[in-house]
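Below: a set of structures, written as structure tokens.
Note that chain A is present in both complexes that follow, paired respectively with chain B and with chain C.
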Partner chain A sequence: MFDFFLLEAILNGLLFGGVLALLSLGLNLVFGVVDVVWIAYAELVMVGMYIIYTVNILLGWPLYVAAPLSIVGVSIVGLLVHRLVIEPILNTPPINQLLATGGLLFFLQSFATLIFGSQFRNIGLSLPVVEFFELYVSFARLLAFGVALVGIVGLYLFLRRTYIGTAIRAVAQDREMMGLMGVDTRKVYLITSAVGGALAGLASILLVLQQDVHPFIGLTFGPITFMICVLGGLGNLFGGFIAAFVISQVISIGSFYVSTELSYVIAFVLFIVAMFFRPEGLFQRRS
Partner chain B sequence: MKRWLLLAGLAVLVAAPFAHPPQYFLHLAILILIWGMIGTSWAFMGRFGLVSLGHGGFVAVGVYTTALLWNVYGLMPWVGIPVGIAISLVLALAIGYPAFRFRVVGHYFALVTLAMGEVVRLSIIAARDVTGGSLGMTPARVQPPTDVSWYALQFTDKRYFYFLALGAWLLALWVWGRIDRSMARSALEAISEDEVASASVGIHVTWQKLRVTLISAAMTSLGGMLLGWYNQYLNPDSLSGIGISLEIVFAAIVGGMYMAPGPTIGALLTISFRESLRTYFGVQLIGMAETLYGLLLILFIIFMPRGIYGALYEWVQRRGQTPPKTPVAPPREPRPGTAEAR
Partner chain C sequence: MLKLQGLSAGYGSFQALWDIDLEIDAGEAVAVIGPNGAGKTTLLRAISGQIAPWSGSIELEGQDLRTLAPHRYVQAGIAHCPENRRLFPRMSVEDNLRMGGFIPDARKAYGERLEWVYGLFPRLRERRHQLAGTLSGGEQQMCAIGRALMSHPKLLLLDEPSAGLAPVIVMQVFDLVRRIRSEGFTVLIVEQNIRQALELADRAYLLEVGRVRLSGPVAELKGNEFLRQAYLGL
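And now, the complex of A and B:
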């Protein structure tokens, strides 16, 4: 009765959840604070992956230089996205902001094609597969899981224990009132966007260890990342974290029993149904 | 005066293919008409703030239904088209009814429809035994091969498709006009302003939204079937999924989604712009055309959210050159999405 491969699927799902949680962390922050859906968030992760590829392979610098550069680079991109794309239309209907970042999605994809071509590229590093009690798990996923945990704790401390973190939470609660109370909301938005970008950069480091980069990679994990953020409740970091594991288990166990595509179908259907009954997310307290 | 102008324009469109234009231009005209039709169908909903990012799903459902019925069961597309439309309607109902009933609005609605598009795309890939998965599929050639087969909707001469596309496009404009002059329009405008207030004055919010969604889904899948049958090639990634759904929305936005010709003008501009960039840059600098395209989209949404046609219309109106008695649709403030409701 006991199925060893199923256990492996569950364990891998748990670790895949770590990657998804890390991916959704930055989007969730921006979503919760600035109240903008960055449809192009996955493309920011792609930018980070290309930064690592460029620095590590084309310039030949070591990975421990490339990785921080990716975080810094993508956080600058996040800052620019807010300053150049979102800020001019901040007071228009939210759907315009969503569509503007959709334009950004096309722009980043084709810009990557223009510079790097549409070939699959990798940094030529393969991490070992770790064996625990005859269960095989990928080291890259284990690492991503660990970094996701550190990332969420770090973000939690940043939001709770620092002055600017408190300001970010206050603005997330009531943006108009905080503006009247003398909080510089513009600065808060810019910082949030930069932190969101930095988290995308962090995710890109872990992703580049397990996947090849190509200009359309964002489309493979972008939609699932939005679903996780919404399922967890906007701006609810822990909700998003748990939602990432729910979704990853659905996908992992689904892939084990049926097929990868169908397991994603199940995950999306689950999302749609959840949206009908709890549009404020699975874990949000009703106000 | 205006009527004569429209009739003259229509006459030009009908007569144009008989002047033996280059095949390439005919091809572009067909694509513009089909995408114009799909964009117009999207804008049936979009103009009332129901922003769907999953219309690619309806395109793919229609065309895959027809192609599978033809390839597997040998049913002619004339049977497949109504079946495809029926399945799109079922899909629209399954998503639309609960979404409107439970008041999923604004960007939540956009994300639900986006998930729907992904469900369609991934289901097609998952059923790769019959659909060919990501490699796509080709509708079987009619046997015995002929140049003109009305039975299988396969023509070697592009002009047949031109007229089919022209007909479908005119149908979409006619439906637009019907919606524009109906009571439903006022109801939907009220709903997009304030859902609760409209419900309180007796507007059946769910039904009004659902009806326009069903019309939009049916027309979109009809356009998709024309597209697939014209290309004679189907691919889940280029028919469904987030990329194509966003492009439908963008064409409508660039042209202007609040007036009838808007989405078509958007399709005309985006397709001709892309094609001219592509011929200009050729095989060097691959991606340059799309990069500029993406950049322009962002600029459009920031500076001209009502689209080119909307902005032009407003400009002409302000200069007072058109007589004020003929406003087709008075310029309104753009206000898609009512996410404040949450």
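And now, the complex of A and C:
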């Protein structure tokens, strides 16, 4: 006899995994190409959520306008992050990037608090629960997964089928050779940063459908995003993708059997154990 | 077509090249030979814009190359097939070739150029979707040369194409270079395999410790006593 509640948990885990996968892709893309970690990545998603809130609630424009604006907006933020924060310290010791993007994290949180206050804000969207073969799923989750899928497939096609996407993949594999191919690496970094921002903007759409936004929301999914990226191998798009679904299932099924908080603990413990055996990441070829 | 005058270059505080004069005319094949550490690779890197010269000039068809940003040298017509091939290992053969044809002029002609390269290297066509890192040494060399050819360069720089390859494969590679020459390409080849290099080239320069020690038509050099004793073991 099927345990439908368990199946629901698995399904929700799958849907949750899609969102985490999208988040991990943006972070991994920037690290794999530019070789910097955007500590403030989750805060970029927060910026996107606030953009949607501002456009939809404060300006009153419809969601289908607010959503693309978020993607464009955070994409521009990504560009600015690279141009203003990363470029000046690009060839200096990595500790500088960590400090700079870490500082950016605090800056964005404080800036958001300054403008919006620390209250939880919601776009007031009430989406139904749908029935799917006797399983109950929130439509918001389904929608979010669908959008995430579009984003992931879009990124895949971009990287595989376009010249600039191929160049982005190449930079991650042999930076020095890019000049001999006639590629301006500076431009590639900027475009990658813009794409990383756009992915964060896309993720913000998914999250705003299901959650309230507040200045510290980055803390709720930031650590887990990093954990997923490291688990799959930092910079490894495929690894992060798989790790996202593995972790989301651990959390979802764990929530079902024990509690949500404990499920996160279990996920982190598994991560620590995995790091003992494969510190470079489950799917990483190099160290 | 290519003219180097008084070129000096190095890395950091270390000088690798002193006062190099070198010329290549269109359609020629010129070899740069010499022992390890002579500065041959440094010379190629200066010509392809990877390192900036300390002094001296580099001119391609009269244009001063030193004013160009490094990534513009390909557009100017210089393709460099580096030492150790340096393919993108986790990309397919075809993607590597695509990267060779990245510049706008090459993109316009991508389809026909790709066909032409596959025509030169049928084995690459067979393995077009294979990851470049999994190719054999000889296949990697072919892929690297093919990648450089995708930009239809005025000048093709080959850095030690025979390195690490079995003798039979080395002969295949040099046959291919001869074939490329016959299609009209100008080639500057750096080689430790002096015999093969002298069989292929019209003229050669002998580089020792960063300076040109000998230069001239290959026929002359083959008769040079010093060269024969020191490098050809005769």
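In this text, the second predicted complex is superposed on the first by the 278 of 287 C-alpha atoms of A that agree within 3 Å, B and C clash if a C-alpha of one lies under 4 Å from a C-alpha of the other, contacts with A are read in each partner's own complex, and residues count from 1 in each chain.
Criterion: a residue touches a chain if its C-beta (ideal position, glycine included) is under 8 Å from a C-beta of that chain, and two chains touch if they have at least 3 such contacts.
Computed from a prediction, not measured in an experiment: that's the story for all the values here.
Asker: Which partner chains sit in contact with A:Phe4 here, chain B, chain C, both or neither? Use first/second/both/neither.
Answerer: neither
Asker: Just chain B (first), just chain C (second), both, or neither: which does A:Ala167 touch?
Answerer: second
Asker: Counting only touches as set out at the top, which of chain B and chain C does A:Phe133 meet: first, second, both, neither?
Answerer: In the superposed model, A:Phe133 contacts neither chain B nor chain C.
Asker: If we overlay the two complexes on their shared chain A, which of chain B and chain C does A:Tyr64 touch? Say first, second, both or neither.
Answerer: After superposition on chain A, A:Tyr64 lies in contact with neither partner.
Asker: As a test of reading the superposition: which chain, chain B or chain C, is in touch with more residues of chain A?
Answerer: Counting residues of chain A touched by each partner, the higher count goes to B.
Asker: Looking at A:Phe226 after the superposition, I want to know if it touches chain B, chain C, both of them or none. Which is it: first, second, both, neither?
Answerer: first
Asker: Which parts of chain A are in contact with chain B and also with chain C?
Answerer: none
Asker: What does chain A use to touch chain C in their complex?
Answerer: 163, 166-167, 169-170, 173-174, 176-185
Asker: Which residues of chain A touch chain B in their complex?
Answerer: Residues of chain A touching chain B: 37, 39, 85, 88-89, 92-96, 98-100, 102-115, 117-118, 215, 219, 222-223, 226-227, 230, 259, 261-262, 264-265, 268-269, 271-272, 275-277, 279-280.
Asker: Touching residues of chain B toward chain A in the complex: what are they?
Answerer: Against chain A, the touching part of chain B is residues 49, 51, 95, 98-99, 101-104, 106-108, 110-112, 114-116, 118-119, 122-123, 125-126, 241-243, 246, 249-250, 253, 285-291, 293-295, 297-298, 300-302, 305, 334-339, 342.
Asker: Touching residues of chain C toward chain A in the complex: what are they?
Answerer: Within the complex, chain C touches chain A at residues 48-50, 69-75, 79-80, 82, 86, 88-91, 95, 98-100, 102-103, 107, 151.
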